[in-house]
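Here the chain labels run A, B and C in written order, and each chain numbers its own residues starting at 1.
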C-alpha cells in the first residue's frame, strides 16, 4: 500500500507540469431525480470553483457515483477524473488544481491564505452537517424527499436497504462531528452563526463582490455552492433557507456568482 | 439557577501533571478556569453517574449537563462566555479556527489514543479503567474504542478493526503535522493566539496538544513534532502550570521515584502491574462462579438422571447385584 | 416398523450349495428399527427391492442397496443389517427376516474443517439440525473464513423427496440464504453477494443418466474495490446491483472416480439467464467436458475442454464485471497466473466475454507404486499440454503451456497439484508463471 501512495504522489508531481487534461470529467449523481441536498451543494461548489478557474470540464451523471468515488470525509461527492487521477470532494480537488498553478486566489499572503482555508473548512463542516441533519434527522424531509430520491435508482426491495444504509452512514457522520444530539434550534443557531461570520467577512471588502479582493477564491466557490443549494432546494422544512435568507448580503452574493458563472435564472424562494 | 451554589464539574482525574486525561474534560475545564468561573471541580468522578456514561458533566442541583457543548451553553448563559473579551473579527476567527483544529486533529487524537491497538492496550485502556469503578472498568474503556472506530472511519476512511498494516495513518499524521506547523506560526511569541486575551481557540488547541504532548504512548508521531515547536511547548507548559496549578496530577510522585524500588518500573508498566492485580481478582471470582455454576448444574443433572434411571428396573437390579458383590 | 408380504408364490429351486443365486429365498418381513423422530412413511419404500428378491444372492445385494438408500435418506448416522430365518406362525419355508438397525443423527451436529474453493483453502464451520420434521428436512448454518476472503455465511434448508414414488429421480429441494464474497485480486475488486437461492434438482434416466438442477437466485451484488489505484473501467462497476436470475445446469458423469478417473466421460453445462427484474441483465453459458481413456499398465489419457460465453441481453446497460471469465491459473491454463491470460485495461487484467481452453494429459501411477500401495493410490504424475484463448474462438494469438507434475487426491473430491510449467505461446500483456505452480480445486482442465 505505501508504494501505491508514494507512486501516486510522484506521478502527481510529474503531472503538475503538464497542462490541465482536456478530458477532465466531473462525476455526480442524477441531478433531477437522485441527488440529495448535501451532495448537490458540494457538487455545485466544485463546479463553481472550476468555472472560476476557467478550466474546461465535462459533467457526467451516473447512479453509482457515490460508490465509484475513492472516498472522502463527508459526502464523497463529486469526484473528478483527470487523466489517470481521481480526486473526490472539494478540498482534494482544490489541492490538485493548485498543483497545476492554475488556481485562483494565489495572490494572498500566507496568513490570509491560512485564514481563508479555515473559513472554507468552517463553511464545509457547518453547512454539510446542517444539510445532512435536515435531510436525515427531520422525519418529514427524510420520508418525503430524502428516501424517495436516494432510492429512486434502485429496484424495489433494494431501495429500502440502500436507504437504511445511507441513513446509518449519515447519522454516524453527524455523531462524529458531534451534531447528533442537537435539536433543530441548535442547528439553526449554528447555521446563523456561520452566516454571520460569512457576512462579516464579505463586508470587510465592501467595494468588491468577492470575499477576498477583486478575485474569486475557494471560499467564494464553497460558500456559493452551499448557500445557493440551500436557497434553491424546496424541502418540506425550509428552516435552513429561511435562516440564510435573513442575510441579504449573502443572497446578493449568490445572485451575483450565479449570474457571472452560471447564467441560470435565480429565483429566491 | 445559581451557578455558585453547589455547581460541580465532574471530570476524570489527571496524569502527567495535567488536570485530566480526557480531551472533552480538559476542554470543559479550560472554559471554567480561563473565565475564572468560581465552580468546584470533582476529579474523582464516576462516569456512570453522568447518565450518558461519559465525562465531563456539570451538576447544578439536580440538573445534569453532559458534554462540552451543553456545559458551554450553561456557562454562556450564566455570564461566563469564553470569547467575551475578543473583538468581533476575533470572535469569528476564534470559532473558525476552533472548527479547523477539530477537523485536523480530532481523527489523529482518536486514532492514536483509542484506535491504535498497541497504544490502547498498553496505555489508554488502563488510564480509563483506573478511573472507572470496579465491575465496569472492563467494559467501559472499550466504548471509547468503538467511538474512535466511527471517527476514524468517517474522517480518515479506514477501518480500525482491519489488520494493522491496512491502517492508513500517514494521512492523519501528515495533516496533524501541517496543523501544528500552522498553529506554531500563528502563535508566534504571543501569550494567547489572539494576543492578550484567551479564546475558545486557545482552549481547544491546548486540550488537544497538551494530551498528545504529555501522554506516554508507544506510538505517537506528533509528540516529537510538537517538541520541535518551542512556542507551543511553552504555551502548553505555561497553561498547565499557571492555570491548572491545583488540579494538575501525576501518579508518580517525586518521593516515590526517589526511594529506588520503583525506579526500573516505568509508568506504563506500573499501571500494567496494577491492572494485572485487578485482573487476577476478577479471574478468581469468575472461576469461582463458573465452578459453582457447574457444580450446581451437575447436581441437578445427576438428580435428573437418577430419577429417570429408576424407570428401567433392570438397571437397578444390576446395580444392586454389583453392590452385593462388593460387600 | 415391520412390513410383511402376503404368503404364496415362494420360489423353489434346485439347491446348489455354493451358488447363492440358486438358493431360493423369500423375504417375509423387513424391520427398520431406530426410528425415533422419523415418520414411518419416510422409510416405507426402503424395502421395495427386497420383497422382489427370489434368491439369497438377490436378498444380500438388495439388503446392501437398501442400506445405501437408508444412508442417502439423511436420517441415520449408521445402519447395520441383520438377516435371519423368519420365525413365527406365518413364516414361509424359505422365508427370511431382514432387520435394519439404524442409529439416528443427534438433534444437532457441528463440524469444522477445511474447504476447497477456487484455488484456495478456507476454514469452514458448520452447524446442522438434521431431520427436523421427521422426513429428512434439515437446516444447516455454514460459515467459512479464509485469509484471502471475507467471511461467508450460508443458512440452508433442504428437503429430499427420496421417499416418494419419484425415488429413482432423487428429487431434492433446497432454499438458502447466503452472504458470500468473491475476491478478484488480479482485477483489484471484490463482489459481495447477499441473497437467497431456490434450488430443485433431480436425476433423469431416459437413455442416459443426467443430473439436472434448476435454480432461481435473487441477490444484491455489491462490487467494491480492493485498491486505491484501479483503472476506471473497473471503478465504473462499483456499487450495489440487484440480480435476479435462473440457472439451469445438467451433468452427465459415468467416470469411475471423481478425482483420478481411469475411464469414462464427464459433461457439464450451466446456463444462466439474468434479468427477471433487478438491474443486472446478461446470459451466460459454460460447458465443461472430460474424457478418460485407459491405456496400458495404469496409464490414462485424459482430454478436457471448457467453453464460456457471456452475452448482453436487450436490457443490458453494462455487463457485470463479476460475471466475466478469467482464463489462466492452475485450474484452467497452467503456466499463467490466475486470470493472467486475458484482456487488460490500463495494465490490469479484466475478465473476458468468451473463453475456451483445452488440456491433454497423460496420467501415470507413481513408479514403485506396488510397494506403498495404499499411499500411492492417492498420487499420480502427469504430463499436460494446455491451450486456451479469450474473446475469440480462432487459433490466432492463442496461449499454450506444457509441463509435468504431481497430483494428490484430497478427501476423495478435491485434487491438489504441483506442476512445473513452461508457457509456450503468450501475449505481451499476459502474466506468466514459468516454474512451479500449485493448484487446489475440484474441476481442472
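Assume contacts are C-beta pairs under 8 Å (C-beta built on N, C-alpha and C of every residue); 3 or more make two chains touch, one makes a residue touch a chain.
Chain identities (UniProt): A = Metaxin-2 isoform X1; B = Metaxin; C = SAM50-like protein CG7639.
These figures come from a predicted structure and were not determined experimentally.
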Which touching groups survive when chain A is ignored? B | C
Looking across all chain pairs, point out the one with the most C-beta pairs in contact. A-B
Distance-wise, how many Å sit between the C-alpha centres of chain A and chain B, to the nearest whole number? 34
Could you give the separation in Å between the centres of chain A and chain C, each centre being the mean of its C-alpha atoms? 53
In whole angstrom, how far does the Cα centroid of chain B sit from the Cα centroid of chain C? 54
Out of chain A, which residues touch more than one other chain, so two or more? 1, 5
Please name which positions on chain B make contact with chain A in the complex. 67, 69, 88-89, 92-93, 95-97, 99-100, 103, 150-151, 153-155, 157, 165-166, 168, 170, 182, 185-186
Chain A residues touching chain B in their complex are 1-2, 5, 71-73, 110-111, 114-115, 117-119, 121-122, 125-126, 172-173, 175-178, 181-182, 193, 196-197, 200-201
Please give the residue numbers of chain C that touch chain A in the complex, ascending. 220, 223-224, 227-229, 232, 235-236, 238-240, 242, 277-279, 346
Could you list, by residue number, the parts of chain A that touch chain C in their complex? 1, 4-5, 7-8, 62-64, 66-68, 70, 81, 84, 86, 154-158, 161-162
